[in-house]
Each structure stands twice: as C-alpha cells, then as structure tokens.
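Structures incoming, each one as structure tokens.
In the two complexes that follow, chain A is the common piece, with chain B as its partner first and chain C second.
Right, the complex of A and B next:
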C-alpha cells in the first residue's frame, strides 16, 4: 500500500483490502514503526478495542503501543488477520427450531467447522515454526499487553510444548533464569525424584 | 515498569495467570518436578499454586473424591519443619510431593483386572472344582467344566458368604467392582445362584498374609475372619444383585483409594435353592475390580499397623522386596530406593493421630 505516512521497513507490508473502503486504525510501536491495520483486525486487540470505545477518540491519530516492537506487532497482525479469515469460514449457527432443510444446512456447517479446525491447526503449526524461543517470548508479552486471548492461549500451548520433556538447564535458558539451588539441594531433588530426570530430551 | 528486553525472570514479567496457564498445560508430572528444580522461586510457584495436585486431578478425575483422604493426612500435626516454614507451607510442600508421586505412579489407563489373587472364601462346595480361583478366570469354562465358585449349602437363606481378594497393588484407586452370578445350565430350570445383595470392603490386613502353603490353601476353601484381622478403610453401601447371568457392574458412589490392597466381597442373602438337596447356595462365576493401581517402580509399604505407609520409588524393583536405603556412592549396587513417609491413612476413632514424619533422609525400614 503506497502510503506516504508508512515508514514501515517491515518485510510483510500491510495491504489494504482491495476495493473496500475499510476503516483502518493506526498503531505506533515502541520502536517508532507505524502500522495501518484494518479495523476488524485491530479490534481483535482487547487493548485497542477499549481504547477506541472509551471515548470518541479519533481513529486517525496513531495509538501508541509502548510495550510492543514492530516485528512483534507485525506477527501479531498476521495471526489475527488469518484467524479472522478462518473464523469467517464457519457460517453462523442455525437456530434450534431449524427445518429439515436447514438441518441439512447444519450438517454442511459441521463440515465447514471441521475444515476450519484443520486450517487453523495447519496455520498454527506453520506460524511458529521458524520462531526462536526469544521471538515466542516477545510474542507472548505482546499478546498479553494487547489482550488477545486466542493468540495468548495458542502461544501458551506452544511454550508448554517447547519446554516439555526438556532439561532443567533448557528451561532456565528459555526463561532467562539463574538457578539458585546449592549443589547439595539440587542433588537431593534429583535423587528424590529420580524418575523425573530420566529420559529427558537432549538439549 | 515493563521492560522490552528479554532479561529477567519470564514468569515474573508475565504475571501469575499466564505463568500458571503455561505450567498447567504440562501434562507430565516429570515436567512439573523439573520446573521445581529450575530455581527456588519456581519451586515456590509450583508449590503455592498446587500445580501437582491440579495435574493429578486432570489426569485422574476420580481422585477428586479421594483427595480428602490424602489431605487429611497432611494435616498440620506437630512436626518438625525447616526454619522459616509455616505449617501451611509445610502442608503445601507435602501435597506437592505426594501428588507428584501419585501423578507419576498411578497407571495411566484404567485397568479392569485389579485383583491379583484370591485370599479366602467363607466356604466352598466341591473343592477344587468350585473354588474361588475360578472367579478370576476370564473364561466361562475350564476344560469341560464351567468355571465358578460355589458356597456350601445352607437351609437358612440369610447366611452370608464372604470372598476375600488381594489387589494387584498395595495402593489402588478403585472405581467399580463387577460380579457375575452363576447360572447352572446343567440343572433343571437353569437356576441362577445369585445373592440378594452385595457389599464391598477395602482395606488392609493387620497381620502378614505370608503364610505356609497349607494354611493358605485352607483359607481359600473355608475361612472365617475375626473382626480385627483387617482394618477396613472403606465399606460400600449394599447393592441389590439381579438374579441374572450377567456381569453386573457396581460403580462405587465415589472412587476409593484402597491402601493395603485387600478387597472383601460380602454376598448377602440367598435366593436360590438347589432342587436336589433343598439347600440355598450362592455361586459366582466372575469377580473383577476396575481401577487404577500404583504401578511399579512405585509401591507402598505398611510401616506399622497404626496406618502409616511409606510411598516408595525403586527403579530396580520389579520383583524384589528390598526396602533398605543403600548408602550413597555405592557403585556396584545401582538400586536407588527413594522413600518418603506420608501417612496416607487416618484411622478415625482408632487411636490418636500420630506424628507425621517429614523425613529429610529416607528411613531404613
């Protein structure tokens, strides 16, 4: 999108929905990047939603996001956009007293739901594939700050998957923690719960 | 003030909710134990938020009715605690340990055959053809004969019968018990020798059941227990038995933690007379227990008859009975017996509640 205001060096340029006069919301990250985001996507961010619901804040003034970096926000936007797309694959639920014809329609909905689930699974698997642990952490902090429940749940699950069956050292590195047990204390834990330290993945 | 760099403890920066979410998604108790080993603050976090207990309840939902038993044992009794610890903290620490071991030790899949062997029958007709061992045979026949246990005949239909069994592990979560009455297809009218009702007891034996072969065989044929031979920690309600040749399932109102591994099946009231002699009999073709046993290399041992038990982890043991603590640094004896004492059983009204030993080093038994 050729927009004079956009100084975004981001490799994933935001494209406006072709032809539609979509309302966009401008966000400004901590490192000064400006993002113009479709309103539907931006409203996925709980923080943004309440910011604009509070009073008649002008949608053209960039909303500052002091705790989010440009790269993180870009990933977040990609996620939310795709998530919206997948959700739109599922037609609205049919009412309870549907006729037979509508019930058949309902079965079609079930198919659509299954397809959507599958899409989501594949999308989520791809999404974090090349992200380093650092990137994932940054995303969590961003998703937390922006209050995006779905993304946060997904990220939490991913972190749990990443640290499961990993060694204590790995967990320490991942979370940036210094171990503070004395060698004797640590030895005692490892002895008492020997079963927990067997068969751990190689770092 | 939040920082954007990646230094600093992630858990603290994320705040309680998200951190709990992440750690709660771990499905293996080993992961939680290793989380405790990361640092003091993580250990405190896991313990304070009872994550091991939550995992246990997630893995084994039926335990929710049993946690009362476990926690009653972790009551604040006069106990030595480390400097700076509060009773509440000590309790949480103990919970953490017990639930971590349970989560690891309980069989992941519900088993349908938690009985390992019979111990006794109150009476037996036509030994050995109609002995109690037959109730554990999965088939309906052995060779040419039908497989079932039969009591002796009684003219009084109110005389009960009792079958006593040993479970596959000394600690077992029991959810359901299944009993199939026997139908004599070789008798006129195909009578079904069910009882009127059935009741179950779970508990442990006060005395060792390691007996010589003759005594043991005698008990399998005909034995009456006295009241103080067992401590029954659970007595079920009476379940009515249908006079049907079907495996009848008696689901316990709540899952029960059987500590000690003994099951008694009380068959109450006789309904079927045998035409030939005019006496009432009870016959059973199958008895099964459904539940989750504590699996090797975990086991429990009775410490003394007051109801103190030791929860043990011994990776070397799949058969041996060794429970002594081996000195550290012994290279040629790789057995790593780790024990800790948790009193898993409260004997309500059976004497004073004793001290709970929070052992820092494993006891030599």
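Right, the complex of A and C next:
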C-alpha cells in the first residue's frame, strides 16, 4: 500500500486482510448484554467454537447465550483473555531445525515456562479472592455451559480447596444436594470413618 | 436461579479432594457415596484415585530405581575403599553410599563416574568414653529449596563400664548443599531407645520427597510409633501404629514400612511362614491419627511372594517372589508381571527415586 492510491481508505488498518487477528465475535447474554470479544478469546469457548464451525452460520449476528448472565460472562472473558496472554509467554515447540540452536532455545523455554507458571499462579490466586460461593457457582455453571475446560478445572480445584475442611451440611448446601439418608443410615456411615469427621471447620 | 450443580461438575470437584474429605463427604448423599466408594483398590473410584494422586507438588514423576549387585565390584572411584560400602539411598540419579567401615558418606553420580563428594565428618563430638555410631541416612532432593539434602542420624554408644544404658543420645544432622561445612545439627525429641529395634523389621526407614520415616519405640514397652522428619521445615512428628488387635501382635507379624504417594503405608504378613503367605497393605490416611489406618487390600496366598518392596506411582506394588525375582503386582487387576531381575545375589535395594529431566 506504499503507492498513494487510496481508493478504499480503511479506518482500521488491521482489518486490511480478511481473517486477521482483530476479528470480533458478538455474544448476547441472558440478561440482554452485548459483548464484543476478540475471536481468539471467543474460540476458547467450546460452545462458541462449534457454533461457528458450522458453515451455515453467519459471523455477524450476535450469538445468544441464554444460560449465562452478563456479570458471569464478563468474568469469564477476563479469565480467558489473561489465560491466552500467559500461554503466549511460552514459545511454541519447533519441530523443524533440530540444531544446536534448539539446545540454546531449550534453556530459554524452561525459563519462560517457569515464569508463565508463576504468572498463572498469581493470577489464579487473585481471580477468585473476593468471590462468594454463589458467585463461584455461577462461574462454574457458565464455564460448564460454555465448555471451557481450563476454566472449569481451575474453578473446581478452587472449590475443592474451599470445601475440603468443611462439614457435610456445608457441602450439601454448596452442591445443592438434599441429604437422602435416614438418620439411622447416616449415623452408620459416619461411624465407618468417624476419624474423618474430626477437626472439621465450624459452619 | 437454582443453586444445584450438575453431576459432572460435582465429580470434578470431588476429584480434587484429599482422602479424609472424601470419606466424610460419603455422607452427603447416596449419589456421593456411590461416586466416592470405599478405599480398597478394587475399582478406580474417587477415593482410590485420591489416594493415588500424588500429594507432593514436585514437577517430575517418581520412578523406581532398582539396584541389584551381583557381585561386589567397586566402581572405579571407590577402589581401595574396601567392602564396607553399601548403598544408603538415591535420588535424581545420584547415589548416596555409606562406607560402614570408615563411616564416611559419599554422593556419587554414576553417569559422570569421576565425580564424587564426601560428606564432612559428623559435627557431633561425643563425650569421652562413648563411641559415635551412625543410625541412619536420608537423602533426597528438596524441590522447594531447589537443593539436595542429606540427613544423618548419629547415635553414641556409651562405652563406660558404669553406664546404665548403652546408648546416650541421638542427634540429627542436616546438610543442605553439597558444599563442605554447611551442615546443621539438630536435637531430636527422643533418645537412642528409639533406634534399638531396627533389626526386628524388614524395612525400618524410608525416605520420600523431603520426609524421612522410621520405626521407633519411645518407651521400651513396645509402644511403637512411626516418626517422620520433615527435612524442609525441620520438624519431627510421630504417629501411632494400628492396634495389635487389628493387625496382629508384633511377634506374629512382620511389618514393612513403605510410602504410597506421600502417605505412610505398611505391609503386614505373618512371621511364621507356611508354604504360602498372604499380605495386607495398610495406609495411614492422616498422619497422627491412629484410626485413619486403613486396610487397602490383601494379596492372596496364591501369589508366591517373598516380601514387598515399594509402591510404584499408580498403586502397583513391587515385590520380590520366592525365587528372588522382581515382580510388579497390580491390585486393581490382581495380576502380576515378572520383571526378570534377580534380587538374590546380594540383595535388592528398591527405592522410589526422582529423576530430573
């Protein structure tokens, strides 16, 4: 485009080539909020990915997400965006050029991996810090519906940490499960591993 | 909006819980009971997986290093050191060797056979009229500190004619790196009586991922304990053994100390060996809690085993059969695989070790 022929002045120079990185996908949540998300981030959502892999679907209409609220989607997008950034810190493994250069690159890769791991650790620690159990559950349901494996695994791990020292009642409330034992049955089950009920946090 | 979570998600959450939590949450509902199951290494249910999932956070999976010495041929750096050399332990491809005669400890990397490091002589200076004796070693790699650690227990034998007890004192030395003179000495919260009964057990001490475990008798009247030493934080802890009524009197059963994924474990088998013997494997699900000793599984007498060695990371158990060969037993399928390595010649020391990539 060095020659002066500006027949089609493009306001957004990045979109000059079709399929470039700045393409966005529009999502519409259950409560009517519209989100414009970078394609790379939206493709982290398994549900969105399969929706757009279907050729008949046009990429211009907003995709409806009837099971996800605006606040949940906003948090999910934040997570996926950051996760992509961290993953890009690790250079991809190059199978070609297996030369001495690779040995040098190997050292650098190890350092990059370590740094990425540390970044992820800090980011994940911060991400759920102030979220209530109900908020975390909403995020889990969103991640489950949107089919985002990495986020779902992270959320489940975090929940496990939250509940591991809690009582049976607490777990029931969290899972939304009704206890279905008779009092006698429950007493017998408690008896089998009575030591596991010691040292549990107060509700 | 309902606050219920789909079952797939519940399973995902449960799969990250430690055994104690899972055993408690069996009570949550009948569905949870079915999902969690019982710790018996029969089916790959949630509780069995939880016991097998490595607790330790180190990045490299452990594997078994089996050292079988056919005849004693000193490798070249050791010529002239005599027959007292034995393997104390190993970690990350480095062997820790102990010369019983001279009392010296060496760290040797077999791949670079010339490299050899000698640990400094013990810091501990015993009183006169007493004799220094090394009661045990631990050697391993501390991933948090990114460094090797050697732990040495020192015991003094009182040679004075008038002494009431034979043993005086036990000290522990921790060496943080391979540099000279960087050892630290710690007092131990027990006396030498704790080490007196070493000879009674087939395996009396184990080192695993920064923890050193051994059998001990704090009071001479068979009130046995397993002691653990956390090399990282330099903390001692003790845990009782299962009651005699549960596993049998110590005169009748042989107990072998092992570690399964960071949990202390034990194999129990009768001393009086009839033709064939059955083994029970127990695991301690919460250190310090006697009731948390759980019988995991039994290996029937139709397998002609000699003794158990140690666990592999997916719950398989290395054993030695009566012909002295190394066998791998899978408790989930109850089948064995004969690895054809002969252990008879001069004893196999099978240990889990970690290898840096």
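The rule is short, and it goes like this: the second predicted complex is superposed on the first by the 178 of 203 C-alpha atoms of A that agree within 3 Å, B and C clash if a C-alpha of one lies under 4 Å from a C-alpha of the other, contacts with A are read in each partner's own complex, and residues count from 1 in each chain.
The rule is short, and it goes like this: a contact is a pair of C-beta atoms (placed from the backbone, for glycine too) under 8 Å apart; a residue touches a chain by one contact, two chains touch by 3 or more.
Not measured: the values here are computed from a predicted model.
J.: If chain A is used to align the two complexes, do chain B and chain C fit next to each other or clash?
T.: After superposition on chain A, chain B vs chain C: clash.
J.: Touch check for A:190: first (chain B), second (chain C), both, or neither?
T.: Both partners, chain B and chain C.
J.: Scan A:156 for contacts with chain B and chain C and give back first, second, both or neither.
T.: Both partners, chain B and chain C.
J.: Have a look at where A:91 lands relative to chain B and chain C in the superposition and call it first, second, both or neither.
T.: The answer is neither, since A:91 touches no partner chain.
J.: So, A:108: does it touch chain B (first), chain C (second), both, or neither?
T.: neither
J.: Kindly point out the stretch of chain C, out of 37-45, 55-63 or 181-189, that overlaps with chain B after superposition on chain A.
T.: Stretch 37-45 of chain C has C-alpha atoms clashing with chain B.
J.: Could you list which residues of chain A make contact with chain B in one structure and with chain C in the other?
T.: Common interface on chain A, chain B vs chain C: 134, 137-138, 140-141, 144, 152-153, 156-157, 159-160, 163-165, 167-168, 171-172, 175-181, 186, 189-190, 192-197, 200.
J.: In the complex of these two chains, what residues of chain C are touching chain A?
T.: Residue positions touching the partner: 1-6, 8-10, 12-18, 20-21, 23-33, 286, 289, 291-292.
J.: Quick check on the complex: what are the chain A residues that touch chain B?
T.: 30, 67, 69, 134, 137-138, 140-141, 144-145, 152-153, 156-157, 159-160, 163-168, 171-172, 174-181, 186, 189-197, 200
J.: With touch defined as at the start, can you tell me which chain A residues reach chain C in the complex?
T.: Residues of chain A touching chain C: 134, 137-138, 140-141, 144, 152-153, 156-157, 159-161, 163-165, 167-168, 171-172, 175-181, 186, 189-190, 192-198, 200.
J.: Where on chain B is chain A touching in the complex?
T.: 2, 4, 6-11, 13-15, 18, 21-23, 25-31, 33-42, 100, 104, 297, 313, 315, 336, 338, 340
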